[in-house]
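As written, the chain order gives the labels A, B, C, D, E and F, with residue 1 at the start of each chain.
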Amino acid sequence: MNDVEAPLHAIREVVARALAEDLTPLGDITAALLPLDSDVIARLVPRQDGVLAGRRCADESFAQVDTDTKVSWAADDGQEVSTGDVIATVTGRLSSVLTAERTALNLLGHLSGVATLTRRYVRATHGQARIRDTRKTTPGLRSLEKAAVRAGGGVNHRGNLSDGILLKDNHLAGIGIGEAVRRARLRWPGRTVEVECDTIDQVRQALDAAADLVLLDNMSPAEVADAVGLVGKALLVEVSGGVTLDSVRAYAEAGADLISVGAITHSAPILDIGLDL
Amino acid sequence: MNDVEAPLHAIREVVARALAEDLTPLGDITAALLPLDSDVIARLVPRQDGVLAGRRCADESFAQVDTDTKVSWAADDGQEVSTGDVIATVTGRLSSVLTAERTALNLLGHLSGVATLTRRYVRATHGQARIRDTRKTTPGLRSLEKAAVRAGGGVNHRGNLSDGILLKDNHLAGIGIGEAVRRARLRWPGRTVEVECDTIDQVRQALDAAADLVLLDNMSPAEVADAVGLVGKALLVEVSGGVTLDSVRAYAEAGADLISVGAITHSAPILDIGLDL
Amino acid sequence: MNDVEAPLHAIREVVARALAEDLTPLGDITAALLPLDSDVIARLVPRQDGVLAGRRCADESFAQVDTDTKVSWAADDGQEVSTGDVIATVTGRLSSVLTAERTALNLLGHLSGVATLTRRYVRATHGQARIRDTRKTTPGLRSLEKAAVRAGGGVNHRGNLSDGILLKDNHLAGIGIGEAVRRARLRWPGRTVEVECDTIDQVRQALDAAADLVLLDNMSPAEVADAVGLVGKALLVEVSGGVTLDSVRAYAEAGADLISVGAITHSAPILDIGLDL
Amino acid sequence: MNDVEAPLHAIREVVARALAEDLTPLGDITAALLPLDSDVIARLVPRQDGVLAGRRCADESFAQVDTDTKVSWAADDGQEVSTGDVIATVTGRLSSVLTAERTALNLLGHLSGVATLTRRYVRATHGQARIRDTRKTTPGLRSLEKAAVRAGGGVNHRGNLSDGILLKDNHLAGIGIGEAVRRARLRWPGRTVEVECDTIDQVRQALDAAADLVLLDNMSPAEVADAVGLVGKALLVEVSGGVTLDSVRAYAEAGADLISVGAITHSAPILDIGLDL
Amino acid sequence: MNDVEAPLHAIREVVARALAEDLTPLGDITAALLPLDSDVIARLVPRQDGVLAGRRCADESFAQVDTDTKVSWAADDGQEVSTGDVIATVTGRLSSVLTAERTALNLLGHLSGVATLTRRYVRATHGQARIRDTRKTTPGLRSLEKAAVRAGGGVNHRGNLSDGILLKDNHLAGIGIGEAVRRARLRWPGRTVEVECDTIDQVRQALDAAADLVLLDNMSPAEVADAVGLVGKALLVEVSGGVTLDSVRAYAEAGADLISVGAITHSAPILDIGLDL
Amino acid sequence: MNDVEAPLHAIREVVARALAEDLTPLGDITAALLPLDSDVIARLVPRQDGVLAGRRCADESFAQVDTDTKVSWAADDGQEVSTGDVIATVTGRLSSVLTAERTALNLLGHLSGVATLTRRYVRATHGQARIRDTRKTTPGLRSLEKAAVRAGGGVNHRGNLSDGILLKDNHLAGIGIGEAVRRARLRWPGRTVEVECDTIDQVRQALDAAADLVLLDNMSPAEVADAVGLVGKALLVEVSGGVTLDSVRAYAEAGADLISVGAITHSAPILDIGLDL
């Protein structure tokens, strides 16, 4: 695994599940009409410009259907690809290649779609902030989508509920920020504590409580600039809530360190990639 | 299961996987800071207008985290919901509700997103054609997404490679439509045979071969109208390939019986639904 | 996968489950008494004449126990084999071969048993009808048994409840054939609709409703001939219900296109195949 | 679990797998045409006389599809049932009952078939020997089939390769019975050691080696009587290899303690049980 | 889940696996000899003083074997229990209780053993430092063991390799602490960065690099005191490496914030708990 | 598999689960900072003297993370290893080796710990009795721990509840030893029957009932000697209950054939093995 790829065990499981889903119980009844001895050289070709992600998912899809199918890549995860590029060559039995095609393309298209949309947000910040994902991922694909975000140039927020403390309004009700952060430090020392803030006053409380990050929820760029002015370098400032490709630059220029965008995982259209024989 | 819901076993598996993904290994370390005896009444409220799908996924998410959490619905899968509607009430322990929230919302948002986009396509046909999905679904979620398409008013194409014959150009190369259909009838009698056609001549061959459907790939509405004129009621005419919300009506008016749209599953943005305490 | 083999993922899963079943928790405690450095060449030999099916299941059984075991086949799935033929040669460590033996033979014997009984029915029709399987398969083995039916020369009915509509008496009660077929066409356009008929009058209704197939349940050959006379080539006629090796020819001669036989999967005795060292 | 039932975890897993197999990915598309509010009282009725087994598999099948379906039994596993008996009443939604029907009946029919054939062998011994199963079970169903054998009045041989030592000719080659038993006692003290014997001389060696059982393979009843005469009560005598319903009594009368029959699991036809509405 | 319990999905999976392990394929063949109608009231009683952990594992073990078995607790996870205390009462069928007993006790004993040893370390620090676990947990039980550590009064280090950065000597070779921390901040902003240090000079580098924690590996208490003096409150100081019950107090008094001890998970003897009828 | 190794399928499953546990969802975020092209030769080196077990678990851990990592062993399972020995050499990408390190070491350390403690007990008997394990194993690891016991020179008791009859006081209550053994012989002929005895009188009853073994529970060595004197060679005598390294020799000298020790699996500290680069 390199740092823009998901762990191999996660890829194997997702592909096995996807193939079972597509081939149960009779297999590919159309490909079954084809001669077994017909070999093919096929090419993976984007129909749109974008950022590649999910190469090993495609490898795994072809290999799980037929260990004799070979894939040779001309691009890496994280690399920008253009319409018409031959990004990979697939060699193997015609029927095996066609049977695995849709599973490979579904994963490649979805993950490249995530990477591509992430890259657009990253670009839109002009290097003045980092784009983070959220836990708003597709159930069963978190590991792969978070890797695709990294391939797109984004960074990962919490992997899940177990790897960081994020105190939202519902957690704070009744105890207040100071007490909540104190409890978090006590119970989970050595872990990042982030506090969701709706107002500058809450940002001040989070600062006083020595949180590690504040998550400014649904604030305007101007409010974000105020918050950044208040906290300085004492903690990281993250912006969240309805940030769009149009508004992201303003938030970045307002001084946010991190901007988290649910849409890059939950609403990314696929990158259309085809298999040409 | 009613006819717009996925089978229960599929829902149970997807939810179990999603919760494991979100709670491994330490559980919800933020909710762990909350008192156990704090109960809550929460409401599921759409932030956008759309079509609801995935109710039982939400039920299952809350129940798998804590069997004492109860969900009471004010809307059904397939029903149109509006911004601000209270579509469900969730009653239970505060920490249990917060722990399950994201998994429930990820599924509800994604599936309602699929249903909502499907409904938009269905509306755009003005009842002159049926909208079908494709196999371009999210790996691991096919069963749920295909149910969401039905909730949106669409109909399902093949469930997978095993439940229908679809002869594409790559299958036809070297043998021709007539021979391919003949083989399919011989090998898989009693099953639907659909033939992908790029030209009117191929449509004629499919008609001669007595296929059940033709899939007109990337044709213009005018070409579709020609094909419809040719085949009459002898077989079903399906249109596919890059159909958009703008172009779908023209294809419907050209006489297509079915219009298949990959985007309703592979590129549907979520329907934003929130949990309010 | 060729067209008489199950998809590889299904074979892998069944074999893994079978080996876990046979080797948990201590492994093969008898083979553990053998020296590790003892190699063997073994032969798979039928003790009865029959039709081979399940070769890749045997391959997978030996390989999952020990990747160094090699199997070389002298016969293909679907081929007739005779008592005493050497159908395969297995080379590897003695203890590994003995540990995998029973799992390999259980699968090979069961699936070849299905193929063999299927072939007997196929033969008995003298080419005048096709033999189809049913959903009366062994739980957990549907994919493999349906492939064995194909190896035997039969064809597959529905893979499962999700890939075709079969309206039985219990579905028709209260709505009637015409309305039921109409609903099916509306809800599931482009899919095969088959109607179970107990009487000629029902066949007429199915014909009027333009169903794709009728399933004549428990009719005599004479009644089947009447039905065939009625429908002509307008739809496929399938016979079902208690057809035996004795009666199958009469049904075939009565003009049925398809004859479905539950016994070929639910009551096929094994084909006895042994491993000789 | 009583002593003729499989452990509950095994039943749950088999049923879950069978339902997934039958309902993936679209569910029961025929039952989806039925009204949801239609309730039904159905009856499980054998079409043949036989021995019931697998009741909890049927319970589990109906419950996993719809927790509201209730099954009430009038017979127990192991009990003889007659054609036309109402052995159980199933109450629930029509569509849920029909969706679960085939899975429930496949399991009930297969396991009752195993129990029924076992009972026939048991009867044929006239109480002079016990009928044992083998490891020749259907992959994935060992636990259930072994329980069905007990329901039929038989007893279980090894559960798997890990729970008893059975020295066959291939294990004995090169070391001899005495040495093999000695090694087995040393490596696995406190476990049963059974020795497969093809000749009286081997029986004598097994006796000298103080094995716990001898497995007389493919001997005639007369040879078995000789072996029994030789060993007396010193160890248990088991007969195996091609025993049929015709020959089993002769083996029992020859004095065998145990007669193992692969056919009761690998070649038992189903007991035909139907669901009547 | 409260904050000393593992997430329910993890408990369910571990128990299901453990029961399958203990009951495959024939179930509890000894309990099968017991009458089914014999009920029992049993008591869980520690044979040693210690700290309870894993109550829900016991609940789940009894329930998965027989949903009618009820467990009523007189103690909570995290509570100290004494030899002879009745910590729970189990009511149900005798055979069901005996079948589940070992699985319940194995989990309860192991997890209470972890909690008990953790509590001893916690006590030994006299409140001057926190005891942390490591990733040296038993494969398959991490989630449960980490909860048991919390029940014992300890706190959790990383849940796994994915939820925090810990730069060890092997990661630092060739790049140095400053550069490694810089890369970590860039790649994974908002996450805790801990640096393993073998020397005071490395501690200084980690301080300069603004790491969040230093992990002092195999230092003496005096060296730890030096390091603490150096860093003050600028970052958290964790001690690791061969800390024993004898030495832990000295490290705590040297000013370490956290002391991580692998032995509490990898070498904790069980707490002996019995089931008395 | 040799006779001191667990079956391969069990090892594969445990390792896959352990890696998923350690790498979900983001993989190894620290190793992700390392260059991908950096190769390494690492050595597995014990920090303590002990007995090696679990080699194939380590192989599998490295291979599942990266198929290019190679492990070459200088010691076998069951062999004694000394502090500082290079027992294996691991060659591969630096990041892959570090990612797999902890999983490999956790399994190797735990299983070698079991083997090492077993060996100490074996040694302490001076060859006068055999050490047996119990069902007090770590949930999910039974197959591996029982193999480690064999590597340590011990022998295995029951693999699980399904492979032998052990009548304990709770089973005997109300029916008595004679009747219980009779039932066991009837229900499960050809299986080992062991009777737990608390008194000499019960031993006499077990002897009269012709049990295969007696399990002397919590008796003193003198009482054991009495029991051994009573039974002679008629059945095997096993001692159980609180046997320690101090007391085991006395039990062995008292004439017990088998001494079962729960501590070798439930309370074995790990053997500390490190990975040196």
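Annotations
Going forward, a contact is a pair of C-beta atoms (placed from the backbone, for glycine too) under 8 Å apart; a residue touches a chain by one contact, two chains touch by 3 or more.
Note that the structure is a prediction, hence the values are computed from the model and not measured.
Identification of common neighbours of chain E and chain F yields A, B, C, D.
Same interface as D-E, judged by over half of the contact pairs sharing residue numbers, among the pairs C-F, E-F or C-E: C-F.
Chain B and chain C have CA centres that are 32 Å apart.
Chain centres here are Cα averages; for chain C and chain D they lie 22 Å apart.
Averaged Cα coordinates give chain A a centre that lies 43 Å from the centre of chain C. Looking at chain A, residues 3, 21, 23-28, 32-33, 99, 142-143, 156, 159-160, 162-164, 187-188, 191 sit in touch with two or more other chains.
Viewed as a network of touching protein chains, the structure reduces to a complete graph with every chain in contact with every other.
For chain D in complex with chain F, the residues that touch the partner chain are 3, 130, 132, 155-157, 159, 162-164, 187-192, 194, 212-213, 236, 238, 257-258. The touching residues of chain D, counted against chain A in their complex, run 21, 24-25.
Note for the complex: chain F touches chain E at residues 14-15, 17-18, 21-34, 38, 94, 98-99, 102-103, 105-107, 109-110, 113, 135-143, 160-168, 170-171, 173-174, 180, 183-184, 187-188, 191, 263, 266-270, 277. Interface residues of chain E facing chain D in the complex, by the touch rule stated above, are 16, 19-20, 23-28, 32-33, 36, 64-66, 95-96, 99. On the chain D side of its complex with chain E, the touching residues are 1-3, 5-10, 142-143, 146-147, 156, 159-160.
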